[in-house]
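Next, two complexes with chain A in common: one pairs it with chain B, the other with chain C.
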Partner chain A sequence: MRLSAWLPLAVLSALALCGAATRPRYGGTLRVEMRDAQPDAGPLRSLVFETLVRLDATGAPQPWLALSWQHDAAAKRWQFSLRPGIKLHDGSALTSAAVAASLQAALPDLTIAATADGITIRASRPLPDLPLDLAHNGWLDTGPFRLTAFDPGHHATFAANEDYWGGRPFLDAIDVQLGRGLRDQLADLELGRADVVEIGPADLRRAADHGRAVWSSAAVSLVALAFAPGHPNDPRLREALALSIDRAAMHNVLLQKQGEVTAALLPQWISGYAFAFPTALDLPRARALANALPPAARTLTLAYDPGMRAARALAERIAVNAHDAGLTVQVSPQNPNADARLVEGRLASFEPERALAGLAAGLGMQAPTAAQSPAALYESERKLLEDFRAIPLFQLPMLYGAASRVRVYAPPAVTRLGDWRFDNIWLPGTAP
Partner chain B sequence: MNGAARDLGRTVAAAVAHDPVAVTVKNLSALGGAETAEIRHVFESELNVAAQPAVEIRLTISENLTQFLLVAEIQRGGERQVLLESWPRTSAASTGSPTDKPARVTLEKKLLWEQDLPILDAAQIAGGILVLDATRVLLVRGGDRQSAPIPAWHTWPRNLRGRLSVNDSGFTAYLPGTICRGGTEPRLSVICEDSQDPWLLGPGALAIFTPDRNQFPGHIDIEPGGPRDLPPFYTAAPAADGWIFAGADGRAHLYTHSWDSAGAIDQWGSDVATVQTPCGARILAARPTALTEPDAIQPYQIVNDAPIPAGPALEFSGPITALWSFGRSATAVSRDLQTGRYAAFSLAPTCGS
Partner chain C sequence: MTFRTRLLIAFALTVIVAVAFVGGIVSTTTRRAFERLDEERVSALAAQFHQEFLRRQREIAQQVEDIAESESTRDMIIALSRPDADPSSYVDAAQAPATAHNLKFLELVSASGSIVSSAQWPARFLYQEDWVAARGDWNSQEPFLKREELPTDTALALVSVRVASVGDNKLYVVGGEELDRDFLSSFVLPAGMRALLFREPQSIVGASGPLPQPAPLAPLIDALRKQRHEVTQTIRWSADAADAETFHAIPLIGPGKDQNHDLMGGFLVGSSRAAQVRLERFMIRVEILVAVGGVVLALLMAFWTTARITRPVEALAAGARAVAAGDWHTQVDVHTGGEIGALAAAFNQMTRDLLEQRDRLVQAERVAAWRELARRLAHELKNPLFPLQITVENLQRARAAHPEEFDEVFRESTATLLAELGKLRGIVGRFSDFAKMPQPQLETVDLNGLVRESLKLFEAQMQAAGVVLRLDLAADLRAIQADRGQLGRALQNLVLNAIDAMPAGGTLAIRTAAHEDGVRLEVSDTGQGLTQEEYDRLFTPYFTTKTHGTGLGLAIVQSVISDHGGKIGVRSEPGRGTAFVIDLA
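Coming up: the complex of A and B.
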């Protein structure tokens, strides 16, 4: 199972792009490669679509398609005014009605209406963090690039939006190869056949050789073990497995210390309490739990998506750890009937409650209970995890390698929250 | 903050039945030492802290995007309990100069104006300063400030450029696809038009600017050479025997007055200007640094079609975002990397020091 939408989010530490930058040049085609063969969301979306609100480097909401907003004392009624003069990719003007319709479809639990110069949003409960939610919902095709060709599973091309309200991008086009394995991507970067590629944690140093840059997001991608919903295995088996996993060793060696170890679904920067879920190895207790099981119940199969970063190495290490606790884990990469799967998925929202709901849904868990405070959210998340049907392991950043010819006018090219800002990229030596 | 600490302290006290506790505090947030100490003090004041504790409490000060959190982890034997409280977050140089030969021309910078919005150009006028940005022309005269808006005929290109040209009868502000003409007496007045007319680069020097780019496409009309099509360029400046164009290809190209190519320079940035000094004209050039790095402007003399440093580099605390010739001086705009603010400087050359 793969978490459904790997939506953008994340904090990126863009390593400096240096060199003889001078003024940015217009023109050229950026060649990008990515693993995902069927991207329905994620970074590609941020090339074409935009939202009312964007988050700045600290995660604070900033006006984007919305110019400003205000709310009542209870934070149940919000008014957003729209930036004027924005065009959709079909050349028509962006209207309040279009914005309201887009948001209403994304947030059906709210009441959204168009006004003369914006929209109003009403809710039956306080929504103090609504702008966080609007940074990831209600996407409109007003972005700096237009999708010009799409061959599912293989290829997508984007052309500069000449009428973009933020100014035409420097690049003429972006050419994206889909479904490329990480190894192939790195080879293409090294051979000059690609300008921007995804990289795995273990390839970080190699990707940064020869003047290439590495762009890294915050921990936005959860790696977890997920048991099949309704699978009748004993909860003691799941707990024993959870306690047997040496996350720290995997993090140090297999993941090259990228991201962070976790036993929580939400990353620390979203929840603020992730550290309160213990991650420490507890082999004696794991052994005790395993020994209490009938011998036939001490075995399980583990599957993973071969395209997932470091998946095989992580799965094999989990099997070794489990063996130390007296369990037998059979790694079977694409076994559809496996007891558990190693999965990776990105946050669907910056708003903690909605983010938790998205992760729970992606892992096949029940919907978390409503939570309007960090304390309530912690309790909701604790309950989700108490039966060990999902075992969070790591929160990983998204990592990209960029060719030395790639320049960034206004860094970062990938935001700390994981969105692509490739309208800020320019290429020297291309015809203007 | 104190309310959250107090509330959590009381909740924890009830949870441990007021048994003696030991508290350790860890700060994972952006709050400082004083706040950490204050939180600890308030939290512990609600508890029975003792040297022989029955319960260990680990208090962590944490944060997320919108709130600060206090997380108390209560450990009593094998039992563990986590309690939370939270409160909203409030919204929250120069490098060493290069070791040049003894200076022949020294640049002195004088701050003209500073603001948050990018400054495109600034010019000293009688008794005041004119400042051009994407939204307005600003006149600062003593304590008086007047501004005139610049209409947004078009979406401005990225890396917006703009140029002020001042003469005795008034001024002209050039922006991509827009030209504004105005005066400063008795008050600031500006009339703008949607125009593709060429920009005035200097006396007798005209060049078309690409309206949706950050560059001149190369169509120029410069006396005495006359009209010419050159490769696209960012800035141009007269040199002793011709002109220098900071090309969009990353190189500065030298041309004679008859438009013969006289070589190229690789080590300059995209902005060049010319200043007149008692020692003769000198070229000012920015470094080829990234726009995320501090920059410097250095005077050069062209000798045998090659640039020779004519004085020490003048360092800035951020990238140079504009550099224009302005008679005997030049105007440079820099973005401070620490504050993000833009500052316009007049660069005045002195000779023979």
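Coming up: the complex of A and C.
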């Protein structure tokens, strides 16, 4: 055979090999580790449960269990038509009644009724962003994976939903180890004992340097200082502390510039007004406020959760900043009697008002007043923060490191809101 | 105080003073020896501190220099000098070299003075350390003391700064060690000594940790702050002197914030005084023991010695007391030579002479008494005898010359004879009564009542003599045990004597009073008083100045009072009267 006859064959063979390497395969178990020991509403939920609507990468609502929807001019009456042929994990067909019941439980202020091919939602006020709400309410166990074993606080196992309406996921199973520290997760990833782990901002560079894929959500996690009710009583102390914190230095160094610096509860990309809350430190004013306090009132204790990302470094840096203002901040992990806590809270919704209410509840603050407009929402958030009972610091994304063997058929594997789309993941070396 | 007691005290004091003197000299010498030893030990430890400090300076300088010259530091300088440099990548860069070189403090500071990485306080990244960038000759500087702020406190550090350079780009390496318990543990301390580290503003640590009660060291620290050179003071930790320590403080001076020399702390070398105090106390105990033993021994010896000296003296004193009590037969039994022996012999001779003289005197008095008695008897008997003789002669003459009148004369004469014989019998009877003075028959007697009864007998006589009675009888006078008759007769004799002493009238004063030993009776007159001879012979029997008396009155009074266990005394002033004072139990 002549060389010219062999050459096309060789090229075709090479192309076939390349195609074999990129074509997804079915099978395999994905090993996942996470810090949260009680993931009642975390990303695990998105493996098993689904909603009528799902948000795309830009945050726009897209049909999911609902095929389409329409509303009246006042946006008070909405009608959703359901996708046919969907089965619940128990094998029964998804009905309009089941959807209506699930949504009614989640949204009791609305009137929800089942129709022949869908549901009808009525409200006493206009609901222009109702689809955003439905992206996070009315969870139904129709997801790509079924929970097969759960050892609270330690372990959860999910198996592929063979009857999944979107097609069987590539993976046979997902094994999730719960309550695993960040350092251990990173070590397991590097030692090949885990496929997907959470990583902290400080480890981002290390993970990238080692060739790991890094998945990131939008800035959906608020890091803030929250003062316990009654600790401390003097607002000048809280304000002095807020003004002494050098967020930029912490963001640049400790958080490796991940997420964004903030003094607002809602991230800029949701509210659009977060920039109006000043983040710059004002050391002279902080010192003046601190000096106005009696010496005994210039001390406070700050607790942090050791499992939280960069928590200790952030807390210690806050103490250093406070020291510059003339305050003494004693840092200790998990002190139940501490005056303030460094906390991290995830957004529960992309709908601003609901998101603000969720964050306020997570920080132990009173519920924000109802807001019909961005200006009213801003005012509501400003009032929440005016007594410095909570000091927002950063909006951080959820960061995951993935082993090199993990392939993503249709990115992203982690949504903008941080939900897992692991039905898109496949593992090479398993049966096609 | 007896002579023996004085001698004993003198002996004891002599011993105590001698022991105290010797003890004082020994204590002083020992204390000085201890102080010299202390000074030597403290000097040795201070020298050890200086050597150790120099050694650590060299060691730290070398370690910091090693880090500054390491490849990783050079790589970091190069990376940070790039336009897209990200200092945040090196936020933990100081940890590894700090651990590798065993440095507690290590900071990597950029050329602009911004902390790139801090091993001791990682949270201080990007903070400005302007003092580092302010000078460029660090590589020629020795390590120095610096107050290093930590998250929870401030440490005293021995710090070295070196400048690592790659081309025009440089990085400051600031490394050091803390002067802490580990530093103190490196010293070899003799027993009874310890080293402490004082760190401004007020932290004091020892090799085993923070000093629990640093307050007593405050004066030493103050002195160190003021003087800024080595200071030595004795610190008392409690009321017990054994707890005291002599501290030698060496100031630790650093450059300070504005390069002025600043007191950073002090190295305190403490030397316990416990051993010295224990030895001093032991010596004091020994001194006391020796003193007590010496005193006891001295007392025993003094007792023996003074006994030898004072026993003859005491015998002489006892003999003198016996003589004073009337025992003139007393002889002291002293067999010793010298002055005491001569004195005893003289005493014995004296008592013998006194006895002989008394015997002679008694003999003479007895003769005189007999003479007086004879004189009185002759005087008393002579008066009746003369009428008897005249009467008998009248009878004889009447028989011869006038026989017809003889019967008449005979009756008159016999009557006269009988009268005179009666007088003679009376005189003999009084003498007989005095000779036969009976023992008093004691009964309870109210002295005031007895006085009043006795005075009734003399009312007419006093009135006739112009004597005024003045009675001063104590109302609370207790009854006494006495022979009513004898005491009444004695009182009557005194009253009669007083009336006789005031022939021209006067005042008879009788006073009774109680005193702690009994009762007192005082009978006084305002007569002419007594002459010295009368005073001397007042109670001598048969002595009288009166023409009609027997001279037995006052002798009887004295005899009665003496038989009652009482005493009688006389006060007399010529021209102003006489007072008899009787004390009865």
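Everything that follows uses one rule, which is that the second predicted complex is superposed on the first by the 403 of 432 C-alpha atoms of A that agree within 3 Å, B and C clash if a C-alpha of one lies under 4 Å from a C-alpha of the other, contacts with A are read in each partner's own complex, and residues count from 1 in each chain.
By definition in this document, contacts are C-beta pairs under 8 Å (C-beta built on N, C-alpha and C of every residue); 3 or more make two chains touch, one makes a residue touch a chain.
Note that the structure is predicted; figures quoted are calculated from it, not measured.
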Next on the checklist: On the A-aligned overlay, A:Ala159 touches which partner chain: chain B = first, chain C = second, or both, or neither?
Outcome noted: neither
Checklist entry - So, A:Leu204: does it touch chain B (first), chain C (second), both, or neither? => result neither
Next on the checklist: Per the contact definition in the header, classify A:Ala123: touching chain B only (first), chain C only (second), both, or neither.
Outcome noted: neither
Item to check | Touched partner set for A:Leu88, first chain B, second chain C, both or neither | outcome: neither
Item to check | Comparing the two partners chain B and chain C, which touches a greater set of residues in chain A | outcome: B
Checklist entry - Where does A:Ala319 make contact in the superposed view: on chain B (first), on chain C (second), on both, or on neither? => result second
Next on the checklist: For A:Ala106 in the superposed arrangement: first (chain B), second (chain C), both or neither?
Outcome noted: neither
Next on the checklist: Is A:Leu254 touching anything from chain B or chain C once the two structures are fitted on A? First, second, both or neither.
Outcome noted: second
Next on the checklist: Applying the document's contact rule, which stretches of chain C touch chain A when the two form their complex?
Outcome noted: 87-89, 91, 121-127, 151-152
Checklist outcome for this item: As the complex stands, chain A meets chain C at residues 205, 246, 249, 252-254, 256-257, 313, 316-317, 319-320, 330-331
Checklist entry - Along chain A, where are the residues that touch chain B in the complex? => result 16-26, 55, 58-60, 85, 128-129, 132, 162-170, 268-273, 275-276, 278, 350, 352, 373-375, 378, 382, 407-411, 423-424, 428-429, 432
Checklist outcome for this item: Within their complex, chain B touches chain A through residues 28, 60, 62-69, 71, 73, 80, 82-86, 88, 91-92, 152, 155-160, 212-215, 232, 234, 246, 248-250, 269-271, 286, 288-293
